[in-house]
Structure formats: structure tokens, C-alpha cells
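A, B, C, D and E are the chain letters, set down in written order, and residue numbers restart from 1 in every chain.
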Amino acid sequence: MALITRIEKVQVVHHGPPEDCTLLMNKDLSTPFSVAMHIGELLMTRSVVALVNGEPWDMHKPFTEDCELQFLHFKDDQPDIPNQVFWRSCSFILGSILERAFKEEIHVELCSFPRPNVRSGSFVYDADLKLPDWKPTSAELNCLSRIGAKLQHDDIRFERLDVDISVALKMFQDNRFKILQIPSIAAQSPSGNSVPVYRMGDHVDITRGPLMSSTQHIARYSVTTVSDIDSPDFGRLKRIQGLAIPKQLPVSDA
Amino acid sequence: MLRIPIKVTARKLPHAGGRGSGPQGRINKMRKLVTALIRHERIEGQYQWVDEARGYAERLILEAQRNGDTHKGTMEMADYWLLEKDLVHKLFKVLVPRYTNYPASFTQLWSLGETFPGRPVPMAVLELKGNPWPPVVPKERDQRNSLVNILLDQARKDYRQQKYESIAALELNKQSEQQTSNIDDSSASTS
Amino acid sequence: MAAPMKSVACLIRGTCFLQNAILHDTRFMPRACTHLQITRGRRRTCRPPSWFVRTRTKSHHLNQQELTAENKGFLTEYVEDFYTKKFEETSPLKDGPWERHEWHSHTFRTGVLAVKIGVIPQWDNQGRKFHTTLLQVLDNHVIRYVPPPVFEQSPAFKSHWRNRNGPKYGSVVVGALSCDPQLFTKEYNNLFTEAGVPPKRKLTRFIVTPNAAVQPGTPLFATHFKVGDYVDVQAKTIGHGFQGVVKRWGFKGGPASHGTTKWHRRPGSMGGGREKSGVWKGKKMPGHMGMDWRTLRGLKIWRINTKYNVLYVHGPCIPGPNHCYVRIMDTTLFYRKQAMEDQPPYMPTFFPEDTGDSDLPEEIVDEKLFSFKEPSIRYEEEASTTKKAKR
Amino acid sequence: MNFSLFCSALVVPCRFSNTLATKLVERHRKSKLASHTREEAETKDTTVLTAPRDYKFVYPEFLPDPTWWKRDRIREKLEREDMMRRRSVIEIPEFYVGTVMAVESSDKYAPGKKNRFVGICIQRGGHGLRAGFTLRNVIDGQGVEVQYDLYNPTIIRLEVLKLEKRLDDELLYLRDAPQEYSTVPFDMEPVVLPPGIAVPINTMKVKLGPRPWHERWERQELKGVEDLGLPERFYKRAAEVAKPWQKHDLMRDYRLAINEDETEEIMTDVYGKMQGIETQQKLRRRQGPGPAK
Amino acid sequence: MALLCRATVLQTQTHLCTNAIVPLRNFSVSSPLQQIIKLSRLQVVDNSAIGRAAAISGRPAKCIHVYNKKGVGTLGDKILVAIKGQKKKAYIVGVKQKQKPFVPRFDSNNIVLVEESGMPTGTRIRVPIPSMLRGKEGDFTKILSIATKFI
């Protein structure tokens, strides 16, 4: 009972179609997604990420203060932010695929993924697959891709959580790369000891975010290449690259 | 040749000039629409009437452009089709210069959908291109930064580079082959 | 560098999960392949059959809207390069042409799929005028050869094509009019991977004997036939929609006046009484007219234009309107086929490399046809005297 | 080029749903994907002379049939090639309705296996190889008309005896006129026009005989006919059934004729080839009658 | 009645015409009536006395039977005509209907009378006849031999 504090209100000014409006929302409880639910279904389904006071903001991250709100999607005039968010989310998903796809005796240790760069043509995840000589066939790549492609029907939300450094270290205790990275990530955070963690279903990973609202935005998802790299910090790793297309920008079926 | 889609048969429009007005009424209606179009440069009306009138307006401008104002038949046509006679001057002195070396159609047709409430009647807007009115549709979205286009841009650059490299390599090969053959020939001739 | 390239390939081809399944499963045969053989008369249902492969993507034009003009051009360029290169590199022709056999009168060769482009008059060298229909063989390729044992499993196979030694005929699928694969579904595009050609707008199947098997990927030309050959043509007639008996069967209708009410275009009596009572089967009644496959047999090929691949086929009444598809094959008429033994056709089809260095002439004209390069026709005096003598 | 543009702008009824659209066939003929049957793009020769603007009246049969569903670029081209070949063999002169002509043709049944007929051209029509004309003459007091195919290979010689135009496009009313209007002697000497002169127009007005006629001439706007002298009711009825709106219907004209850009393209092509053929024929004429005659 | 009216017209014309034997036009003018069927009026073009008499009297020969299955006579067909109260066989040697290219079409429907034996009644044909009649089946040689001109 003590956890439930008195609900405070924040004023959210929405800019953009269908019309500019002001809403009174609950502080630390309402999210941009709930604003979209109030306004209309189109905003709910097509918005990838929100812009709160000019900062990219997760669709499912609660408001903390009075703010101006804008919803972004892939067909904006300047879709740079949604594109980056999409690319980052796809890297995140690639991590989850790698964890899920392999047989139980193979313990995949995820390392990290660099900043999203759409112009490179692919999103990336670096991981230690414990399979130094593995050259995947096209059928095997298809199997990996299919896991990603199926996610669009599951419509899983990406949820953000800021955890304490100690909790984070506990969470990723079986991953030697993450344990190495966590102190530096925590140092960059405003409080100095919190780590931003995202959850998609039962997959949890550290990323700065923001990520897109849910996996329903994916139309095509394919894992294209697996290559070897030498990382100066973490040694020999596999770099997995992939490609995805959002649902809002349909491409040819064939 | 007209640069607009033409139905292979004309619409009959028997009630265009009032119920039972027949083909003469149809032509009269077309004359009114063409005159209004040249006068106001943008008109709104039933889709089938406006679309039908579009052909006449296009052909009239095309003929005026092709034959000039000294051609007797064209002047007769302009006199017939333009009910307000000051428009004849506008046709030859304003519109013809406007559309010289114009590669596309002279008019633009926008479908407005059907009227509601009431009996659904498809409506349309017909306008002369280059008119002084504000545009019917707002400016188009800039598509260059969409995700698909960014990906394809990059792919295109890479592909072109690869292609030109392979072509250059081929030509180099050819040249070297030619040189060797030349050398062979010269050696053969010297021997 | 490699990733963007792959991205294009992925966008255009998709990932081929079903590829192997489709190529060997007859259920995935396109509609054109089995339409002719599977039903007698017209198919009366609008529902797609079980083996139907959806050919067209629904949202191609929407997809194209999102792309900039440069990228649209790039995609078409890529497709063109992909297929022209692929045709050179991976066409099955490169791994050894198939063995070729002799023609005999029991051979069924493959046909071609042409487009009707018009009717013009021609004159024979006696000055008699007749009409010829021009059929252009546009961009034909053999897509697949199905040997008799496999073809026997297909629903299109008919029982009388068997004898005591087993099935007599295999089939050849021929496609016409290459298209951008972005227009079609992945399933349909995969049908063409074996032949190594772009997906075709139209597919059709011809029955062949095993000695006339053609390798997939082989181009077919108008010179598949020779001048003077007789051919059968099949095409869909002009559609007239649902028509009454006067237009459909040429009934007389009723009188126009003399007190007639509502009896101007009606069929009249339908059936009698007594032992002939009831409406008999096959009674001519109103119904859907046209848009039906029709065959004309034994038409002579008068002339071939090798530059544009045009066949001049005898007769003005080849079914269908202008620019309809026409299936052309060797005639099955007994005496006309026997006559072909003097001049056996190319087996299994015409290959341009067989002619050697000498190209075919642009116009090949039958010897009985008046060629417009010749001087005017003049009749000899003797001909009349012999005729008079006969009298 | 113009043809492709033309066919890409056609909106076709669904009755022709089992056909390919003309524009689609055109696209496939030029598609790069059609590896072995692709047409090479024609390089436009800028040195070719453009035809005079009224050239289409001199050789009207080169214009194809404007019926939209009969049109096809390749078929028209092949047909034109055949016509050109025929024209390079025999001389088919310029003629109009109203011109007095002589036709010499092979005839199996005629004595000497040759037939010669002289008459006034009263009708001309047809497109491409179907082109033809009708000659009329009065022989022994009996009106005779013979229809000819222009490109029939049995025609040995076409002679223009008197080149002139008349006021009307068709002279079918000569059937209802007194015989002297259509009488031409068989041994008529050719009237030679001085070179460089425009074709003269014969403004003669024909006085028709009394009714009954083959057609209701009062309902047609005939220029070469004198006042018909009919009772008022005939003209009243003619006015009732007249269709005056068709005169100014620009789109009707457009649909019923080959458009001007295409005409120009075809006629330029024809003009270039006809120049070559004419010089050949001049040479042949200078060499004198060959063994063929 | 209509026929009668036309007959009077024809009579007047025959008188007006310079060539009194050949009238300017025949009875049938509208194109369906240009074909030779039963009751069609025809013009006799040989120089037989009976034919000339019929033309002068204003009651030209009338077809009462066409000897073919179609019932419509064309060039070279044999017909039975009623002329001057007699029944006579005749051959069609010229028709008004539209003809194929290279076959002449005449301004009147012309016949040549023949006897039962097949001999022509007249001795000369005054108008040209189509040369394609020579290729026709049937006993035409006697008629062709009295022709003066072929087209």
C-alpha cells in the first residue's frame, strides 16, 4: 500500500496530426502510447517512437514532467530518428535470436552492437558463438531469419527499465562481455550507477535506447551474413549482420 | 497527338444539356465547360462531364498551337468552342505561348470522390497547367530519407562501382589481348 | 560492401524457402499449364483451383510509390543485369545440350505461343487473293520439360495417352513475354529458376513425345516452323458476355410487328410432348458467349519474317481479337502431317547456331505465294488452249 | 515512338479482356529482358526530308486503318514494306477521285490475256494492301463500273490519262446523272500537265437526272451537283435528319483519324522511300520500254 | 401499284433518252432490290425482236424462276423469264449488284434470251459482257460467240 503514492498530473501538449491538443496525464504512469490511445488508433499503430521535449522517448516510458509531445513514424519528412530506432531495435532482436536459435549445449555469449548506422546497409550484433569454424549455409541463415520474421505477429512490446549497477551485474553474471561493459555504461548515466535495460518478451539486454514500440513494425527480417572479427577489447568474435524492412514501407513480395 | 488518356469511344451523356437534349445538348455542355475552363483556368464538376470536356480543351489548344491564328479552320473552331469571344484572344496570345515546347498535357484532372450525402456523383477538378491558383494538392513528401530509399541508394552506389570496375577490367583485358596479338603479328611479320 | 548488395537481392528475390518444393510439386503449376487439358468445355467456377499459383502481387504499385525515381530505375537495371547475366552464366544450355533425334510422323513437337497482330491480304502466284493472319512469336522460352512418367502423375494427363508400354507423351511448358519479377509473387518466380529466364507473363503447355524433348531455357523462334508447313492454332474467342439465342445461336426470334408483344428475340418452343417430351440435353439456349478456346486445324504457313518473328498463317478467322495469345503447333491432320515428311521440321526446335555463319533471310516466302519483289503476274497463252482442249 | 505514346493513352473497354493491351505488347517488344526477340532501337535519321504537309492526300493508302483495336505497329510496318516493294516494281501514279485512268491487267479469260479499262475514278478507299478504287465508264450506252485492288499483282500498268480533282470525295452520284458525265473514250490520249503545277480542280457541276435515285443525294452535302430541284418536303426532312454537331466535334475527328504526329512520322518514312523509287522509275523511263512491255 | 408507277417512269425515260432501246435505269433502285430474284425486271441486251418489242412496250422481261439453289441470280446463271406473254430461258450477262474486284458491275441487270435448244434467240449482243463469263461452267460458248465486246 505504501508503494502507491498519490497520482500527480502532468500537462502534455501534443503537436501533429490529427490535431494539436493538450492532455492531462498521470505522472510516472502514463506513457506516450497512452496518449496515442486517447487520440486515435492510427497513432497507436504507426508511431515508432515519441519526441518528448525534443528528445527521443520510448513509447512505453512514463512521463516525468510537463512536456510537448510528438509522434514519429517511418513516413515522416525527416525519418532519421525512427530509422535509427528501428535499426537499433533490429540489432536488439538479433541478439534475442542468437540466444534462442542455438542448441542447448552451445552457450552463446552476446557482446554488443555498435551505434545504428542505416547507411551501412545492415544492422549488426557481435557475439561469441563458441563455433569458430561455422560457415552458415543459406538454409541456416533462413532459419535465423524466420525467427525474426515471426516476431511481427507476436507484437511484443519493448519495455525499459533502469536498474542499479549491482542488479545489472547480477543479471548478466554469466556473460563475461557484459560484466566488463556495465561499469562504463553506468558511469555515463545521469545518476552514475544505473544501467538502462530493455526487455522484449523474455529477452533482456543492455542498450541506451530508445527502442521502437513493439515488434509489429517489422515486415521483413533476414539475417544475411556471419563473419569473423577481432575486437581489441574482447578478442575474437563473430559479427552477425542482418537486414529488415518496416511494415510501413512495403517492398516487393518477390 | 493528345497526351491524355482517351476513352476509345466517347461518352454519350444524353442528359448533359438537360434531359433529352441529345448529342447537340452534349456538345453545348462541352462548349460551356471548355469556355469556363479557358476563362477561369480551374473548374469543378461531374467527373464524366469534366473528363469529356478535357479532351476538347486539349485538342483546341493543340490545334491553336499547331496551326496558329492565321489558319481559317482553327479560327472557326475557336470561334465555335469559345462562347465568350474575348477568350479567342486569350487562347492564341496567352495559352499558346504558355504551352510552347510543352512536353506533357496542358490540363490536369483531379478526382474528388463522390458527393455525400445524397446520390453519389463522382466529382472532379479540371485545371489548366500553369494557372495562378494555389495548387490542388500540397507539396509531396520528401521520400529520399525513408529507410528503403537509404538502403537502395547505398546499394546502387556499390552496384554501379562494382559494375564499372568489372567493365574496366574487361576492357583492360581486351586491350592487353590486342596488344599481345599485335606483338604476335609483328613478330610473325618480322620473322 | 556485401551487405547492401545482399539487401537488393533480398528485396527482389526474397528468400526461397519453398523453392525445391515448388519445382517438383505439380500442385504449384500455374493456371495456363493445365487449363486446356483438365476440363472439357468451360470452367464454370470463379474459385481458383487447388493447384493455382498466385501470380500477381497485390501491392506492386503501392510499393513503387515509396521509391525515388533513381531507385526505381536502379531496381529495373538490376533486374535486367541479373537476368541477362544469369542467362549467360547459369542457363542449363551450358551444361551440354540434350541429344537430338530424328523426326517421324508420330512425333509431337512443342509449339509456340504467339500474339495475333492483324490480318492482311496476300496474293498467290496465280493472282488469287486470300487473307493471312500475322502472328508474332514474342520472347518465347521453354520453361520446363516433364518426361512421360512424371507427366502421367499430373491431373492434366489423359488416360488415352497411355499404351501398353506406359505413357506416350511428356509435356513442355512454354512461356512468353518476360517481365520484371517484382510484378509477381515469389512462388511464381521460382517456377523459372530451372530455366534461368525471367518470369513470363503467360505460360502454356504442349504435349510432346520424348524424342522431341526440349531443354529448359531454349528460346523458340518463328522459324520453329518452316514455310509451307501446316499448323493448328488455338486461341480464346472474343468475349460477348451473356447473350440471348438470337446472337448466340442465330435463332430467328419473333416478328417485329403485327401485334407482337415481348416476343421479338425469344427462342420459342423448347420441347415437345409424348416420347420426345422435356427439354433435351444440348438444347441451344441463352448463355455466356465467346471467351472460349477454339481450334483451327491445318492452316498453311505462307511466309515468315525472321526479323520480327512473324508468321503469316492462312485465313482471316483465327479466333480472338487483336493482341490475343495464340497457341501454334504442328497439325494433327493425317494427310497434312504425312506431307511434312518431304520437308521434315526442325527437331526439337530451330537453333540459330545450326544455320552456321549464313543468317536466315529476313523474309522466307512460300513458292506459291506472290512475292511483291516479282514483276506483275502474266498468264500464258498455252494455259487457255489446254483448257479449251479439255472442254 | 508516336505510336507507343498513342497506344499508351488508350482506355479500352473490358470486352477485350482476353487481349494484351497494345501498350503492353509494345513494351515487351522493346524490353531488355526479351533477350532474343528484342527490337533494336531505331536510330533517328535527322537527314531525312520531312514530307510536305498535304502528302497524306497524295498517297492516302499508306495511313493505316484508324480503328483502335486493329492497330499494331509491326503489322503496319510490314504492310508498308510490301506496298513499297510493289511500288518499286510497277508505277502507281498519283491520282484522285475524278481522275481519268486506264488500268491494264492480266485476265485469264480475255483475248490476249490482257484487259484494259478506261474510266473516271469515282471512289477511292481502303488502307494498306486493302486499298482500292472504282472506275466508271459508259460503253455502248451501258454504264460499267469496275473496282480494282491497288496492289493486286495482276495489274500490269496504271495510267493516268487526265489528272484532276473534283469537288466531292466520292462521285457515286454519276450513276444517277446523264451518261455523258461519265463517258470517256477508250482511246483517249493522256493529257500532260506542265511540271510544277498544282493538280487542277474540276469545278464542273453535274445536273442529275430525275428521281428515283440510288441514294438520297439531297441529304448529303454535295458540292459538285447542281440544284436538285426537289419539292420543299425533301429538304425539310433532310434538315431534320442532319447531324450538324458532328462538324465541330473535335474528339470525334480525333478518334476517327490517325493523329497528325503519327501521320507525319509515317509520311516522312514514305516520302524518303518514294523519293528513291521515283528516281529509279525515271531512270527506267529514260532507258525506254524494256522487254517487259 | 408501285411497279406500275415505276413502269410509267421507265416509259417516259425511254422516250426521253437519246438511245431509245437502252433505258437509263431499271426498275429496282434500292440495293436489296438490285439482286435478281423472282419478279425482277431485266433488260434484254441481244438484238432479238422479242426483246426489243418488250423494251419498247415498257414491260420488260420479268424473271419468274432462277435455276439455282439460292434463288438469287448472279453472273452466268440461267433463269426463266416472262416476256411478251411467253416463257423464255435466259442467261444473266450483267448485274447491278456490287461485284468482286476486277469484275464489272453494270447499270442494269442484263440477260440474253436462249431457245429451249440452247441456241441464242438473237444474233448479236449490243453491250459489253464480263470476260469472266468465259470461265463459267455451263453451255456458254454460243452466247460468247455472239458477243461483241468483253470487259
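In this section, contacts are C-beta pairs under 8 Å (C-beta built on N, C-alpha and C of every residue); 3 or more make two chains touch, one makes a residue touch a chain.
Being a predicted model, the structure only gives us computed values, none of them experimental.
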Q: Please flag the chain sitting at the greatest distance from chain A, going by CA centroids.
A: E
Q: Tell me which of C-D and B-C has more C-beta pairs in contact.
A: C-D
Q. Can you name the chain whose C-alpha mean lies closest to the mean of all the C-alpha atoms?
A. C
Q) Centre to centre, by mean C-alpha position, how many angstrom separate chain A and chain E? A) 101
Q.
As a quick test, compute the distance in whole Å between the mean CA positions of chain B and chain C.
A. 37
Q | Cα-centroid distance, chain B relative to chain E, in whole angstrom | A | 63
Q) Between chain D and chain E, what is the separation of their C-alpha centroids in Å? A) 34
Q.
Show the residues in chain D shared as contacts by 2 or more other chains, in ascending order.
A. 69, 107-109, 149, 152, 154
Q: Find every residue in chain A that makes contact with two or more other chains and list them.
A: 120-121, 243, 245, 249, 251
Q: Among the residues of chain C, pick out those that touch two or more other chains and give their numbers.
A: 4, 7, 11, 66, 129
Q: Would you mind giving me the full set of chain pairs in touch?
A: A-B, A-C, B-C, B-D, C-D, D-E
Q | chain D-facing residues of chain C, complex | A | 79-80, 83-84, 87, 115, 117-118, 120-123, 127, 129, 134, 136-140, 177-180, 198, 201, 219, 221, 236, 238-241, 291, 305, 308-310, 320-325, 370-381, 383-384
Q: Would you pull the chain D residues touching chain B in the complex into a rising list?
A: 2, 5-6, 9-13, 68-69, 243-245, 248-252, 254-255, 259-262
Q: Spell out the residues on chain C that touch chain A in their complex, using ranges where they run on.
A: 2-4, 6-7, 10-15, 17, 57, 59-60, 62-63, 66, 181-186, 188-189
Q | Contact footprint of chain C on chain B as seen in their complex | A | 143-144, 146, 148-149, 151-156, 158-159, 162-163
Q: Within their complex, state which residues of chain D touch chain C.
A: 15-22, 25, 28-29, 31-39, 69-72, 74-76, 78-79, 82-83, 85-86, 89-90, 106-109, 113, 128-130, 149, 151-156, 292
